[in-house]
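There are two complexes below, and they share subunit A, which is joined by subunit B in the first and by subunit C in the second.
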Partner chain A sequence: MTTKIIEMGPHQLALEEPMYFRVQLEGDRVADLDVMPGQVHRGMEHLVMRRNLYQNITLLERLCSLCSNSHPSTFCAAVEDVAGIAIPERAEYLRAVADEIKRIASHLFCCAVQANAIGETTLFRRVMEIREIMQRAKEAIYGNRMDLAANVIGGVRYDLTPEAASYLAQAMEQMKKPLDELYLQFGNNPVLMGRMAWVGVLPREAAVECAVVGPVARACGIDYDVRKKSPYGAYDRLDFEVALQTAGDVRARNMVRLAEARQSVSLIEQCLAKLPVGPLSADTLPEIPAGEAIAKSEAPRGELMYYLRTDGSDFPVRLKWRVPSYMNWDALKVMLKGEPVANIPLIVNSIDPCIACTDR
Partner chain B sequence: MAIQEQETAAEPVRLFRINTGSCNGCDVELAVTSAVTEFDVEQLGCRYTESAHEADIVLITGPLTVRARDEVLRLYAATPRDRITVAVGVCPVSGGVFRDSYAVDGPLERHLPVDVNIPGCPPRPLALLAGIRQALEVRRARRAGEPIREPGDRKQPAADNFPARGRLSFDASACVDCRMCRHVCAAGAIRFEEGEGGVRLTLWHNSCVFCGLCSHYCPTGALSVTGDWRLDHPAADAFRQVERGEVPYQPCAGCGEPIIPAAPQLLHAVFRRPNPEIEKLKNLCPACRQRMSIGVPRR
Partner chain C sequence: MSDLTTNVAAAMASAAGELTEVTWRRDRKGVLTGWCRLPSGEALLPAARAVAELDGRLAMVTAYLPERAKENGAREIAYHFDLDGATLTLTVILPLEWARVPSLTPIFRNCDWQERELMELYDVQVVGHPDPRRLFLDHSLPHAPFERLVPYSTFTNAATSKALWDKVLADDREDA
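Let's turn to the complex of A and B:
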């Protein structure tokens, strides 16, 4: 059999972000794969140390725009841990609302991009149109469709007025039917089944070995969701089930995402129903002592970890991340092995890779 | 001939995207302009292409990382010479929040000519469409050898009253020169200069990422977020996209030293209902204030 090496970039991979692969082929099947990262390396680790803790809220929101709320909220949680700040209960709920809104939009974007990658243009447009309900809600409540600017150290800096809350409740109502339909469609539609079932399989053992997280892990039956395993913020008072699948293929990953999006709708509704009255934020300008902390959260792509060290000044001494996409990239080697070249864009997009997060 | 012209008019203008290392915000919003009917670039007679050599308009996102530079320049060189280049988001223009990093090699203009800027972080789809319309106008004018038409009415449609986070506005009369805004601004968009007659604040709309943190922490509401998102402009006008204001010095009522008096907004924030005694203090420099309230300071 002939061995060949090809290079693929964002235009071939149907990626929004610049990522390059070197793929080794045996005949027309993938034998091995090298990821060539770095195009989106903006020197974040260096930048965060040159920005004070306040500036970092805005900077980190732009570490990646698809999970943009997870970054500042997890960062603020780390700062609050160092300073021993307990954020007001209302703020806990409002952070959860922001995170779940972003989760729905992020999961839908991932499903849309995959539909596009297999040439299902009508489905791509439909999913994007449904996602617009979320985009519109984000802009109406937060003032921007990607970067919500919801967090401050000590709480949040947006409020849900009764009108905004009822607007959001209405948007959630609007999401239910389309999300249920998409779930059935991605699960049972024969055309989508043909392209997505038993494709890009990640066996459970390999998943454990690669330490994958988020929907990629849950699609292999790994019951791990930070919101359940180590609840933060309001999540210990909210009711939901971890979405699980066992097949470990592209279809299973999307079923997990769509089930989660539907669950996020319910989580937001619960938040709206339980939203306690009270302040939005603890102290405006709290003292941040020297110390260190780790904060974790369940970002749309999985477990996100922040390590922060401070020295009592306004500037962090160290800030490090473990982003979910990092481990998921590694699993691509397993998923792609033996797959035809034509499946590469779909499988790559099925892990919902975030290059901005990984390259930083 | 007429038929010929019509055919040329129906030929879509091709848009080509280059991501130079963005946070993906601008790119995801650009994807919306190819997927969602309301914002589809087709309404402007445009269509996206995946081949560089077909590009009529090049849309560039991201701060231009060192690692992406060569690939970006290679792609750009493959686009036709008469293409119009659009910088999408503030990243390519100023670096946005990523400025001053060893890994960023912007601004984009150092490497290639930019025709139109669309500030925003990310710009909303309607802002993207407005910017692309501006690029179409530059293209038309250049082809016809005419000057670029002034953009007409820049007012936003009244129906579109979404409270989008847009241009920041500065009210110098409320500013107390505490400079908290500059302290919290991740993008370095705010500058203070001390002049003869007062302190001047300058805010660059091409650096600002519209996060609103400055206005959140501003104690007097001197900085506020407006809903004005129509900020697209010819790249040549980049340095005119600023918000400015001067806070005049006043002589201290005690010693005559020039000072920035406390604004009424601050007094109200601190004291609720300032009494005449407090009103008097606001026109004193710190030294005189101390003398007046606790006598001559002991050293």
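Let's turn to the complex of A and C:
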């Protein structure tokens, strides 16, 4: 059997961001893989140390488009922990609303891109059309379609007026049937099954070894969701089940995402029903003392972790974060091994890779 | 004390010495974070093995220059582990110059990128790393840019698609 090495870039991988792979082939099957990140490295962990804590919210919103609420909200949680700030209850619910809106839009984007990668353009357009309901909701409530600008240290900087809450409730109602339909389609459609079932399998043991998180881990039967394991914000008062699958293949990852999107609709409805009256953010902020803190959240791709160290000034001594995609790249070595070249773009997109997040 | 805090305290005392203390904080939602400063760099490997035996997952590694690093001649690396929702941070204190730390990649596979990243950003040698190549930074950048002034335009690697391809293919020839 012939062995050769090929380079693959974003065009071949059907990625909208630059990531390069060096793939070792045996015949037409993948034998090994080297991931070459760093093409959009912006030195953001350096930049955050040159800005004050308040400016960093704006910067972190622009770290990544699809996780643009998870970063600032988790960063704010770390600052709040250092300073002992308790955010108002209404703000906890509003942060959850923003997170879940982003989760639905992110999961649907991932499913759409995979449909595109296998040439199912009609399905791609259908998923994007459904996602558009979420994009419009973002635009109506936050004034933009990506960076919601929802967070401040000590709370949130947006409110849901009765009119906006009613609009969002209506949008959620509109999402239910299409999401149920997509769940059935990605689960049972023979064409999608043929391309996605038993493809890109990550066995549970390998998932534990690679320390993957989020839908990639839950598709292998790993029952871990930060919202349950380390509750934050309003999640200790919201009712949902962790979406789990066991097959560890591309299909299972999408089933987890679509089940989560459906649960996000319910979570938003619960937030709207329980939304307490009260302030949106802490009245006055204390001086941020010297200290260190860890904050975690369940971003659309899984556990997002922030570490903050402060010295009593407004500038962080160190602000470090680890994104969920960081470990998921390594798991591709297992998922791709033995797969034909033609499956590479689909499998790579099935981890919902975030390159802006990975490179920083 | 919960089972978790008792088990971690016993494991750290056994791995890193009787005087090793773990301080726990519980937030408003009941989530635990544990903080432990290891007595020496040598204690890191046994402590990490002990965390692995407790089914800990390596979550993140943070290298940093603490306050007054130059005056004190010391730097720190914090290893953050997940223990079923709780987070344990083990911190090692290293000299500012000629800092060396053992690789945890043989114990935690996902430490690989974490260590490659800290090796290129900070002036720290990770001993025993199986693949100590640069991860994100281009070879044209100086070593340990987080410890020196580097213009932002130099720092960013962003380029046109063609320039990226040329670089990827050139790397290939260098590796061959």
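The rule is short, and it goes like this: the second predicted complex is superposed on the first by the 356 of 360 C-alpha atoms of A that agree within 3 Å, B and C clash if a C-alpha of one lies under 4 Å from a C-alpha of the other, contacts with A are read in each partner's own complex, and residues count from 1 in each chain.
Note that in this section a contact is a pair of C-beta atoms (placed from the backbone, for glycine too) under 8 Å apart; a residue touches a chain by one contact, two chains touch by 3 or more.
As the structure is a computational prediction, the values presented were derived from the model and not from experiment.
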Subunit B versus subunit C as contact partner of A:Pro18, first or second or both or neither: both
First, second, both or neither for A:Asp32, with subunit B first and subunit C second: neither
Partner chain in contact with A:Ile57 - subunit B first, subunit C second, else both or neither: first
First, second, both or neither for A:Tyr326, with subunit B first and subunit C second: second
Touched partner set for A:Glu339, first subunit B, second subunit C, both or neither: neither
Subunit B versus subunit C as contact partner of A:Glu129, first or second or both or neither: first
First (subunit B), second (subunit C), both or neither touched by A:Ile294: second
Partner chain(s) touched by A:Glu303 [first = subunit B, second = subunit C, both, neither]: second
First, second, both or neither for A:Glu269, with subunit B first and subunit C second: neither
Contact residues common to both interfaces of subunit A (with subunit B and with subunit C): 9-10, 18, 38-43, 46-47, 359
Subunit A residues touching subunit C - in the complex, by the definition given at the top: 5, 7, 9-10, 18, 20, 22, 36-43, 45-47, 81, 86, 209-211, 226, 229-232, 236, 290, 292-294, 296, 303, 305, 307, 309, 311, 317-318, 320-322, 326-327, 329-330, 359
Interfacial residue positions of subunit A with respect to subunit B in the complex: 9-11, 16-18, 38-43, 46-47, 50-52, 54-59, 61-66, 68, 109, 112-113, 124-125, 128-129, 132, 135-136, 139-140, 142-147, 149, 152, 157, 284-285, 354-356, 359
In the complex, subunit C residues that touch subunit A: 27-31, 33, 35, 57-60, 62, 64-67, 78, 80, 82, 84-87, 89, 108-110, 112-114, 121, 134-138, 145-146, 150, 152, 155-159, 161, 164-165, 168-169, 171-172
Complex interface listing, subunit B residues touching subunit A: 19-25, 27-29, 31-32, 35-38, 50, 62-63, 65-68, 71, 96-98, 100-104, 121-122, 124-125, 162-165, 183-187, 209-213, 216-217, 225
